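You will see subunit A twice below: alongside subunit B first, and alongside subunit C after that.
Moving on, here comes the complex of A and B:
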């Protein structure tokens, strides 16, 4: 036995080092790779929860009409019925989801640019879509001097 | 005590019955109650874009930018204006494509009534066989169980392979985090029952978020009643953003 150990010592020592290395590798691997990794595919499923946890800026149509009944009715009666509130008023989650919405009063939209983005005449726009050359149409007057934006028909 | 073969079978049979009753009981009592929480396996998200409704207002680009805090000068969705001259030899036709600032402030008015012109909104196509996912060396980008291509910022090395692999140019390297970034199809919204920021804010309904696994979703009727196309079908990416009335010149 002693003879065997002496003769194969040069094999046993690297084998021990190799096994120890393998052990350290496996320990580090288990420590760093999340348990659920690979549950659905080659990725960490916890990432799904992390991405889901991001906050919302646009509260969504349904939130607005909970309180703003009058505007919702006016809008539903006109051509802008399918334009969401936040499409013009901007992201309002901080207003709609706040404990005290009046503390986060949204600013009024910038009418000079807002209407023009959709309704300025452009050859690429669908032919049936209402478009005007603003300079000729109103002579510089703001759109809301004549049109009521929630129901723009005169 | 002698055990005959008969005894053995009898005892084995009783044990088997007991075990199966136990297992069934455990299935009945131990099964998780049906939860109201979001079930990813019950959805398969995509989008339908109606070219003939897009007015190039850039609302989608602004909404996406606000919702996802997209860094200035980078876009998860953008709008292109195509101007196609059909008058000359068809093989020489190169459409003129422009997208100033991704169309975030709309477009300068065009008066070229002699050209065929239209707007094309673009975003990640959330391909079912997505090339960007295939090239990621570390499993940082993946297709979620509900069919959304996402990036795990904690795993991304910023090697940019996926940015090169995307045939649609939908990815960029985020200048602050130095990780790949892209449209998440507003995963944080659609999993809460909201629609995406771009669909919410599209004034003409040119964009529609669809769920292919929901039998009541209008997508099934739309797919049946219309001629729909995906971008670059020859790339065999099985893109899930479908375009209605798409012109052949769009790349």
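Moving on, here comes the complex of A and C:
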């Protein structure tokens, strides 16, 4: 028996390494998994607080119409009535919530690419949705040469 | 119209989400599983003729296994997040559970088996080498230099048990990859319970072909005569496994054709158009039928050793390309048609991007680099025993 133990003693070494690896893994697991993990689902509930603490990027429709009355009226009267301002102009919290909004003037949207994001012809879109093959439709002219973006009739 | 799109595609189907790297992933894991099964032929099933490739197969499996997760990490990005899979695995996710299968297979099966197999060689190298090399081998002995015949006999028994555990682990490793595709019920190209079995047998075919090719190339480089009994036996097993693999794939095809469900016309059209070159030409004719005919020739007709060698040397690359094409056709093919069955998209392979051709080539070269390092560190060749010393062939002799 003693002889057998001596001749199989080397096998203990990889076993110890594997067990040590398992031990380190369990220790890392305990150290890294947040205490309340799984309280509401398969995620860390503290993530909700962390997300809430992040700064706001979008100002929201109500903020925009406070100052941009003319554009708001044009938009409300046309087909884009349900398209939010920041859908085209991008997140504008830094502009709308600033003490001096003119110091954070947003750049004008890139019309050449903006409109086609929704209106480029695609067989998968509903038939009634306005869509064109932009390369053929305007002969290279920008959309806002003919259309008013806030109320896009001709 | 959107370039590369024919007919009606839903917007989220136009761009392929699973790229060339996802083709590589099952290909590489398949080579691992196949190489390990070949190694088990000698160890568990006592096929003595394939002994010259036993160690080579183990090192091949290890080299490819180390690279196996890299395509996934590159595809997903943020590789540091992959550790989350181990820390907070979701038990309902097959992919999360697979992380543990991978770890089990790497640490408990492959590394332990390689260590047990090479222990006598490692101890001898630790005693005879100098400098940094000596330190590396010393570390690999794990502090035990006991290589007495009794301890080696115990190693052999434990190695046998590890290999027996390793066979279902290898099956699980590759069966999982097929399982992932087979369980995507929204995709008729993938959703079949035959998928894990087809993947498994094709894995065995590719792994055996890879080790056979590596053995022949190694012998050529070493200017050592090829052991014809060994390559003939491997080729025979390759032939048998390939017949099973081919039968299963044909069974799947016949079943699909006979069932002819609502997706059939769309899939059939795709095979005749977009996938014709990769499926019909590369996978079926070049990668399956031609190698099968050539392998059948070696079994049915008496050929000279030179002719048999030439056949094996040409069959192996064909099979390896054919199985790669099979992975391509599954992964890419499954994303080329629309769920509407009325439209088809195209896969445009990029070059020097994160998921382009260049990193894919790099990922395919990397296992061979690792393999060369492993061969340098742990030579798989049975050397002549030094006077009074332990022979590297000792472990094999101890088994008899």
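The definition used in the following text is that the second predicted complex is superposed on the first by the 104 of 154 C-alpha atoms of A that agree within 3 Å, B and C clash if a C-alpha of one lies under 4 Å from a C-alpha of the other, contacts with A are read in each partner's own complex, and residues count from 1 in each chain.
One rule holds in what follows: a contact is a pair of C-beta atoms (placed from the backbone, for glycine too) under 8 Å apart; a residue touches a chain by one contact, two chains touch by 3 or more.
Keep in mind the model is a prediction, meaning the values are calculated, not measured.
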**OP:** Report for A:122: first if it touches subunit B alone, second if subunit C alone, otherwise both or neither.
**Re:** both
**OP:** Have a look at where A:140 lands relative to subunit B and subunit C in the superposition and call it first, second, both or neither.
**Re:** neither
Original post:
Who does A:11 touch here: subunit B (first), subunit C (second), both, or neither?
Top reply: second
**OP:** Would you check which partner chain A:107 touches, where first means subunit B only, second means subunit C only, and both and neither mean what they say?
**Re:** neither
Original post:
With the two structures laid over each other on chain A, which partner does A:29 touch: subunit B (first), subunit C (second), both, or neither?
Top reply: second
**OP:** Check whether A:41 is in contact with subunit B, with subunit C, with both or with neither, and answer first, second, both or neither.
**Re:** first
Subject >> Touched subunit A residues, subunit B compared with subunit C >> reply: B
**OP:** Would you sort A:56 into first (subunit B), second (subunit C), both or neither based on which partner it touches?
**Re:** first
Original post:
Which partner does A:83 contact after superposing on A: first (subunit B), second (subunit C), both, neither?
Top reply: first
Subject >> Interface residues of subunit A shared between complexes with subunit B and subunit C >> reply: 37, 42, 121-124, 133
Original post:
If you look only at subunit B, which of its residues touch subunit A in the complex?
Top reply: 38, 40, 52-59, 63, 66-68, 81-83, 105-107, 109-113, 115, 117-119, 139-145, 150, 152-155, 184, 187-189, 191-192, 194-195, 197, 200-205
Original post:
Once bound in the complex, which stretches of subunit A touch subunit C?
Top reply: 3-4, 6-11, 13-14, 17-18, 21, 25, 28-29, 32-33, 37, 42, 121-124, 133
Original post:
What part of subunit C is in contact with subunit A in the complex they form?
Top reply: 1-2, 7-11, 86-88, 90, 107-108, 111-112, 115, 119, 142-144, 146, 148, 150-151, 154-155, 158, 343
Subject >> subunit A to subunit B touching residues, read off their complex >> reply: 37, 40-44, 47-48, 50-58, 60-61, 80, 82-84, 86-87, 90-91, 116-118, 120-126, 129, 133
